[in-house]
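Two complexes come next, and they have one chain in common, subunit A, joined by subunit B in the first and subunit C in the second.
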Partner chain A sequence: MRYLPLLWAGLFRKKTRTILTLLSVIVAFLLFGLLQAVKVAFESGADTADAKRLLTTARYSIIETLPISYLRRIEQMPGVVGVAYAEWFGAKYQNESNAFPVFAVDPGRYLDAYPEFTIPRDQRQAFAKTRTGAVAGKRLADRFGWKLGQKLPISSEIHPKANGDLNWEFDLVGILDAEDPAVRGNTDVVLIGAEYFDEARQTGKGRTGWYIERIADPAQAKTISAEIDKLFMNSPDETKTQPEKEFAVGFAKQIGDMGALVTRILAAVFFTILILTGNIMAQSIRERTAELAILKTVGFSDGKATALVLAEAVLLLFMGGGLGMVMAAALLPPLNGATGGRFPPLFVSLGTCLIGAGIALTLALAVGLPPALRARRLRIVDALAGRR
Partner chain B sequence: MANLVEVRGVTKTYQRGSETIEVLHGVELDIPRGDFVALMGPSGSGKTTLLNLIGGLDKPTAGSIVVDGQRIDELSSSDLSRWRAANVGFVFQSYNLLPVLSAQKNVELPLLLTDLSAAQRRKHAQIALTLMGLEDRTQHKPKELSGGQEQRVAIARAIVSDPTLLVCDEPTGDLDRGTADEILTLLQMLNREHGKTIVMVTHDPKAADYARRRLHLDKGTLATSDGRGSEP
Partner chain C sequence: MTTQIVQITLMNLRNLPQRLGASLVVVIGIVGVVGVLVSILALSEGFRHTLASTGRSHRVIMLRSGSDAELSSGVPRDQATLLGNLAGVARDAGGRPLASAELMVMVDLPRRGETNPNNVPFRGVQPTAFAIRDELTIVEGRRFERGVREVIVGRKASQQFAGLSVGSRIAFRDSDWTVVGIFQSGGDVHESEIWADAEVAMSAFRRQGYQSVTATLADGSAAGFTALKDAVSRDRRFSISVLREPEYYAKQAKILSGLINGLGYTVAAFMAIGAMFGALNCMYSAVASRQVEIATLRAIGFGGTPVVVSVMIEALLLALLGGAVGGALAYLYCDGASLSTLNFNTFSQVAFDLRVTSTLLVQGLSWALGIGAAGGLFPAIRAARLPVTVALRAL
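After this line comes the complex of A and B, so read on.
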């Protein structure tokens, strides 16, 4: 701490230059915070996947449906302790831009399959008992101002009722939430009762979109998956069963390898910062050769001179990096509001902060070491005589 | 009076490309504690080189230098840094203050290497600046001070850690006559009233008059010592 005023004064020796450098570092880390949040959100499905859950879809396409009669047969498989199912409803609320996922599910089975979701016991019971019941994720309910007990008019893009009408109406009986912010993204859905939905829809009766199996032993996931698929082999509706994480990763990759894309963008950004900051640090230290010589003259050792220059780089990068990350954290909540729950929640995670700190430290060492070593090697008599 | 500085057979050579230049040739010198020595001689005679060696800024190629009983030519780089911080104050022709720091913070610089608290450092710096007559200029940056004031801040920085030895390299070289006299009077006061041993390099015979004795270097050899005290 005693050297902080000295560091600060050295860093802001040329205010405009330092402020511009600092701004570029802030922008780089702001980008890092935002893009990393997107990456984390894309990977959140895989991260929050439960190793004890398998997903069974139609073998050749996830948009194909499977017979509901598979339920009992899967349930009887050794190692399977519970089965749920869900069907894609494809919903809009009020207008085209208010789209969100709606799944038709068996309430008890589905909520048992996702114990990480939280819902009050009475609301869960109401969902099971109410034929036209629906539960909504808290963020969706907050966004649209939905209240328990109200009618929920939503229209389906793909499922008309028996009379051909695409407009459906449900009773909101529960609010779904999760304690883990990463899991909370998975609650941005509306669940409706599959029994009522199946009776009332015009087509596709007796079929569902996918099955969710809970298994006792994650080590048996591959074996059980293979056994399930074997069960329906050579039938008109062959299946593809895989651990939930594999499914989530595969699904995310259908959109694009977001992780690789983000990594490449950030690598370019930080490489630019490395060159820019490194050049400015080197220039700044070159200009202060005589001042460093004076510090050494009055007793600062080679090690202390090296540490001072390095600390200046660390101070610059951590200050810029910290401000950038704080700005990213401040910008994400309004951004989450703007996506209206159609995207998993974006937030600056602890992991992102730690990676950011690691990048800042690496950059600081990379840009600070060359001038720091120059300061270490500086001979006082040469520097004072103007021989550098 | 016991010697504070003992220089024995000191030789200093520099390498310039393929050429080896011998700047000092077997210099022998004793400086008693409490002395004020003016080191004179033509340009290139080795005055600054000898001063740098006595101040521990450089090491001799051969020979030994003992200051206050410590053989400084054998110290490691880090030990020499510690030794300088504790025993020597430096005053240069071009003041060499850090432009981004106030006078107060410039004077506090050597104290950053001590165990003193921030409040103690501030107090010591204020005492040194007051001794130099700059108590009303403590928060001014170097560019807000005159040349004479800058040099007084530099002297305050040199004495703030209460060193035994002050080495001054042309301390009045950039100053007008009147200001130079003020600075030299201050140095004389530090020598006479505070017992500081001072070695000062100067071209200026009038500046040398403030010293207790003059030493002349010529082509790397200590030529003469007039040994006279001065009473300007």
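After this line comes the complex of A and C, so read on.
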């Protein structure tokens, strides 16, 4: 600590140069924070997956539906403690296709299947009791300015009512939320009552999109999945049951390897930063050869001189890295507000901070070690005589 | 003045090798920006191009009104026949309407070397489909026979997904299908699809209706299109929207290209700011290391402008080099690379090739020059403003 002023003086020996370098480091880590947040959000489906939840879809394609009669049969499976189901509504709101997902669900069953969603008790009851009731995620409600008790006009691209009309109307009776920011993205949905929906729709009656099973013991997930599929094997509607996590990972993979894309971009960014700061550090130490020699003359050991130079690199990168990450964390909430519900919420996770610190340390060592070793090898006589 | 500029610039460039390290930093910084920008934009350009090259303006696609994509649309059998027989639809030599009522479902197939399923579009077409889409040619094998569980597979789908080569069998639902041919259609979106006979597909997938009707216009002009569109909207039996194919397919690219472009520009903008700081740094130290030299020139009568211009030229040349290398790297590594992704508009896989176009390369170079200009300007001004006496005292 007592060397901090010395470090500081060394670092800011040439103000413009250090500030410019620091700014590039800040920008690099800001970008890292933002991109990593996108990656985390992209993978959040898998991360927030509940190991006690299974999903059953039609075997050959997730767009096919399953008979609602499967509900009772799945419910009787040993190890299954609860079953819910949902059907894709294909919403179009204010003429925008799939502005948000709308699921037709059994209110009680569905909310039981997702205990991480929070909803006031009276609103939950209202949802169960109101035939045309709907609940919406808080972020969606905020984005569109929906108020409890209002009518929600939503069109379906897929399901006409009995009279052929694609325009539906629901009553907003509840707001869903979640405490964990990673889970909050999953509440960007509108849930409608399946009973009314199934009665009013023209086609596809008596069927649902997928089943959600809660199981008692996550260790049994594979066995129970296989048992469920066996139940419906060779029927006209065969099923595919998998743990929620597998489903989420599979779906993310359909889009492509987002993680690899982000990693490649960041590799380019940090490589540039490595070259930039490396060059600056080397230049700065070269200019101070004489000063270092004097430090050694007044009694600084080889080790201390090395540590001093290395610490300068560490200080530079951690200052820049820290500021960049703080800026990313500060930028994301207004960004989330602006996109409200169109994308999952982006945030700087603890994991991102740790990776960021690791990168900063690695970069600091990479750019600091060569000049630090140079400082260690420095012979006072040569340095002061200007012989390098 | 011009000779002064040329002289100072040449002198600067000649001693560039002495400042190689710092100059390389500028170049590498810009290589990063341009490389990333061009690669990401190539992704979105390839995707957009695939959808933009799908369809012809003399053809229309008819969907249930309110549906923006085939998957969510539904056209009952009787209506499909009526739509095909409308006066605005062209007929072939035998008098049959050039209209194909089509079924669209998704089938799960893993990518090559992977296991998790992807939504691959499976299209059931009527025999007229080949006359309507005359850009489609079989490149291997033959067309499917009517009434048989045979499929032909788009070239891109066959490259991306496992088990789609001629002769292989694929199992969907309670049916086995044989791949009998591979087709190409100019790199458009149909090359990501699997095609089969509509009637066979309908019974196998237990469907009662179609998803869309694609037809050739009898009169491809605006008047012909409007006439057909009006005929459909006037007819109270239909609740159908009629779109020209290019209009329909361009819409399908909207969400994803928007997202990729947004990502590309945002990332590149941040990187550009970082690279600009790097360039500023380098040019400041370049100026600092030459301050005596510059002051000497000023003292013997060289003007301030030539000094500014020469520093700018040096920065711009370094930037141009970085931009060229970045663009070349993006071209070498990305151009033509194939991949497939889930198109959010259609909820199905689209395979496409990355395209590094000349427009993108020019865009990359202009970003590079922008960074170079921003990084060179202030150091250049400082160089020119430095009082001669102060600078010379540094000797």
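Note that the second predicted complex is superposed on the first by the 383 of 388 C-alpha atoms of A that agree within 3 Å, B and C clash if a C-alpha of one lies under 4 Å from a C-alpha of the other, contacts with A are read in each partner's own complex, and residues count from 1 in each chain.
Note that in this section a contact is a pair of C-beta atoms (placed from the backbone, for glycine too) under 8 Å apart; a residue touches a chain by one contact, two chains touch by 3 or more.
Keep in mind the model is a prediction, meaning the values are calculated, not measured.
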{"item": "First (subunit B), second (subunit C), both or neither touched by A:219", "value": "neither"}
{"item": "First (subunit B), second (subunit C), both or neither touched by A:275", "value": "second"}
{"item": "Which of subunit B and subunit C A:233 touches, first, second, both or neither", "value": "neither"}
{"item": "Which superposed partner A:98 touches (first subunit B, second subunit C, both, neither)", "value": "second"}
{"item": "Partner chain in contact with A:350 - subunit B first, subunit C second, else both or neither", "value": "neither"}
{"item": "Which superposed partner A:299 touches (first subunit B, second subunit C, both, neither)", "value": "first"}
{"item": "Touch count on subunit A, higher of subunit B and subunit C", "value": "C"}
{"item": "Which superposed partner A:6 touches (first subunit B, second subunit C, both, neither)", "value": "first"}
{"item": "Subunit A - residues contacting subunit C, complex", "value": "16-17, 20-21, 23-24, 27-28, 30-31, 34-35, 38, 59-64, 90, 92, 97-98, 155, 157-158, 164, 166, 203, 236, 249-250, 253-256, 265, 268-269, 271-273, 275-276, 279-280, 282-283"}
{"item": "Touching residues on subunit B, where the partner in the complex is subunit A", "value": "48-49, 52, 57-58, 77-78, 81-82, 84-86, 90, 92, 96, 98-101, 105, 109-110, 112-113, 118, 157"}
{"item": "Contact footprint of subunit A on subunit C as seen in their complex", "value": "21-22, 24-25, 28-29, 32, 35-36, 40, 66-69, 71-74, 105-108, 114, 116-119, 172-174, 206, 239, 263, 266-267, 270-271, 273-275, 277-278, 280-281, 284-285, 339-342, 344-345, 347, 349"}
{"item": "List of subunit A residues in touch with subunit B within their complex", "value": "2-3, 5-6, 9-10, 12-13, 290-291, 293-304, 379-381, 384-385"}
